[in-house]
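Shared between the two complexes below is chain A, which has chain B as its partner in the first and chain C in the second.
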Partner chain A sequence: MTEASSEILMFQVGVRVFAAVVHDAVRIGSVAASPPDDLVCESALGTPFEQTRGIVVSGDEPGTERVLVVDQVIGIRSVPDVDVHPLPAFAAACLSSGAVSGFVLVDEVPMLLVDLPTLVRERPGVPAHEATP
Partner chain B sequence: MPDPNPQAGAEGAQQGNAPEAWFFCLRLIGGRYAFEAPLVSEVVRLGPLTRLPAAPSFLPGVFTHRGEVLPVLDVGQLVNQPAIPIRASTRAAIVHCGPWKVAVVSEGVEGLVAIARKNLEPPPSESSGVAEFLSAVGRDKSGPIAILDLPRLVDTARARAVPAGSSHA
Partner chain C sequence: MRDTQTQSRKAPPKAAAKKRNGAAASDEIVAVLREFSVGQYGRRLDLSAFEGGPLADVARAVNASADHVEAEIAEARQRIEVVSAGVDEAIEAMVKLVIQGDLTGGLRIGVADSALAPLIAGVGQVMETLKKFVTEIREAALQLSTSSSEVLAAATQNESSTSAQASAIHETTATMEELKGASHQIAENAQMVASIAEQTLSGGRQGEGAIKAFMLSMEKVRHNAIEVDDAIAKLSKRVERIGTVVEVIDEIADRSDLLALNAALEGAKAGETGRGFSIVAAEMRRLAENVMESTKEIKNLITEIREATHAAKEASDGNKREASEGEKLGSNAMQNVSGILAGIQETSDAARVIHLATQQQRTATEQVVQSMSEIEEVTRQAQAGSKQATGAAAELTKLAERLAELVRRFRVD
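And then the complex of A and B:
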């Protein structure tokens, strides 16, 4: 019997590595090829050291895109579903960002699982629903 | 590795008419602080901490314990004191306060303490810093000890944070 698993996209912002559901990303691209207005350089995850790589995410309106600028796209990894955990209730109640959806255990260490569409809608310190006009 | 099992003391703490009350004692922000023993399920050494973005300072991160992800609460930061240093040897008490399950990080763990009820007194009337969260002060053979109202402290921590999706009204 095959163990259920999920594919996650691992990427780095600053010194930290994060994970996201693969299907949240439309593609990986170059920042230089993206319109400046689409770029999200500063997010709840911090500010990247360099602004060369981007994860393209669907925007709020059909046909629009936002690009989360990251330092490095590490790759895709398959993780067993048993290693995917929701955010603990107390942590969920305290975070000012709704973009952290849970954790993936990688080598028994929790790695933050990020909801990319929510992350690119938020302004740092402002929840997504308030950042959206 | 869990430290002293608080279960035995928990039974004693629930006996309201007993001459002694049982508490679980931690060393925090340079003093001895205790709370109702039944709130504690175990004491653990903190594993590698994963920091959370957009988290208040009293929530330094999360760690895994037996496959469960647990948030860490730093009481020092909550009461505007220096952060409790987190090292490989740092221990935390896992507590259940209503719907919340958190690991209270400590400078040291004393474990269960029994305090004669006649030695428990009302807390000082100060309403700032950690005094805001005291339910009593007492003394045992090792010296003075402050009794924390931990459920109120945890609820206050949650209320002071600005959760995503909340109204700022």
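And then the complex of A and C:
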């Protein structure tokens, strides 16, 4: 019997490694090839150093895209569902960003699970539901 | 004589005179006359024996003559005694005058005899002459005293000067001895300087050759540096070309990585059906990452090569500059060494001349020392003579003083 698993995308911003559900990403693109207006350089995750890769996420409007600028896309890993933990409600209430949806253990190392569409909608320091008109 | 006269005046016995006659009377007269002829006037003829005879007048005349002669003799004797007394008185008076030294007055004697007049006149002349002598002697003694004092002073001064001269000559001789030693030392030093100058000249010529070789080496270094510079420029261009190629490869690898990521993403989205696709994508990504890793290493190597070529270029430029500087320094050193060699040559020549001159100086100094020794000996003799002259002058001064003292005893004024 095969154990249920989830596919997560691991990327690095600054010195930290984050995880996201693969379905949140439309594709992986190059920052240089992306329109500057679509780029999200600063987010609740911090400011990337090299800004070489961009994770393309669907925009609010249909047919629009936002590009989360990251330092590195580490790759795609398949992790058991038992290692994916949603964020407790109390913890979520304590965080200023609503983009953190939980955490996942990869090789027994916990890392934050990020909701990419929510993250690209947020302004730094402002939750997405407040930033959205 | 008086005893003789008294004896001779004794009259002959009458009996004997009576017996005489004729030839006997003549014999008697002859005998008396013979006694007269030897200065015996005391005998008289017995006139009674000649009474009546032809020789009575002769006998009286003989007796009268004898009486007269005796009277004359007595008178002469008396006069002689007077004159002798006058002479004695004159001599005594003159001796007294001489002893007392008083020549101011004339000679006065109590005896007035015409026979003494020449004596008195002579003594007067002697006194005058003596006065004149004493006066002249006094003046001469005074001049002699003055002159002898001057001579003594001069002799003393001369002795002092001679002593000082002897001392100075002795010091000069000692100095010349030292100078002789110094000349010898200078000659040896000059010889040593000449030898060292020769050695330095030889070393300088070797240094000149070394500088020429150094300049040739510097020229070669500069040419090599230029060649190295050209090679570095070519190498730099090649490296830049490699860098460009690596950039292209890196770009391709990056795109391949990106494609592999997206393929993996799509595979993951597809779920179980896309797993094989994801595996291929992951493999592609590993390849792309390997390529990027390699290109990164190549870039690092290129960077190192750039740095190395830059450093080599700097070093080559530095070598060129140093070589040029070395050539200039070598040229300057060459000029300096040429000047030094000329100076050393002049020094060597001068040292040789100095050596020759000092040898001549040493010879001359030795001659001077010899001459000074002779002069010192002569001066020593002169010093001894000067001392003797000073002693003699002192003695002469004493004698002059003594003479003046003696002459002062005579008063002539």
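Everything that follows uses one rule, which is that the second predicted complex is superposed on the first by the 132 of 133 C-alpha atoms of A that agree within 3 Å, B and C clash if a C-alpha of one lies under 4 Å from a C-alpha of the other, contacts with A are read in each partner's own complex, and residues count from 1 in each chain.
One rule holds for everything that comes next: a residue touches a chain if its C-beta (ideal position, glycine included) is under 8 Å from a C-beta of that chain, and two chains touch if they have at least 3 such contacts.
Source: prediction; values computed, not measured.
Student: Should chain B and chain C be called a clash or a fit once both complexes are overlaid on chain A?
Tutor: fit
Student: Classify the contacts of A:Arg16 with the two partner chains as first (chain B alone), second (chain C alone), both, or neither.
Tutor: Touch status of A:Arg16: first partner only.
Student: Figure out whether A:Val73 sits in contact with chain B (first) or chain C (second), or with both, or with neither.
Tutor: In the superposition, A:Val73 touches chain C alone.
Student: By residue count, is chain A touched more by chain B or by chain C?
Tutor: B
Student: Using the superposed model, determine the angle chain B, chain A, chain C defined by their C-alpha centres, to the nearest 10 degrees.
Tutor: 80
Student: Looking at A:Val109, would you say it contacts chain B, chain C, both, or neither? Reply first, second, both or neither.
Tutor: Only chain B is touched by A:Val109; chain C is not.
Student: Going by the contact rule set out at the top, does A:Leu39 touch chain B (first), chain C (second), both, or neither?
Tutor: So A:Leu39 meets neither chain B nor chain C here.
Student: When the two structures are overlaid on chain A, which partner does A:Pro88 contact: first (chain B), second (chain C), both, or neither?
Tutor: first
Student: With the two complexes superposed on chain A, say which partner A:Ser96 touches: chain B (first), chain C (second), both, or neither.
Tutor: A:Ser96: touches chain B, not chain C.
Student: Look at the superposition and give the distance in whole angstrom between the closest pair of CA atoms, one from chain B and one from chain C.
Tutor: Least C-alpha distance after superposition: 25 Å.
Student: Once the two structures are fitted together, what part of chain A is touched by chain B and by chain C alike?
Tutor: In chain A, nothing is touched by chain B and also by chain C.
Student: Within the complex, which stretch of chain A touches chain B?
Tutor: The contact residues of chain A facing chain B are 16, 44-46, 85, 87-100, 103, 105, 108-112, 124-125, 127-130.
Student: In the complex, go through chain B and note every residue touching chain A.
Tutor: 47-48, 50-56, 59, 62-64, 67-71, 73, 99-102, 154, 157-158, 161-166, 168
Student: Looking at the complex, which residues from chain A come into contact with chain C?
Tutor: Interface residues on chain A, with respect to chain C: 7, 9, 22-23, 25, 27-30, 53, 73, 75-76, 78.
Student: Can you list the chain C residues touching chain A in their complex?
Tutor: By the definition above, chain C touches chain A via 254, 258, 261-262, 264-265, 267-269, 271, 278, 282, 285.
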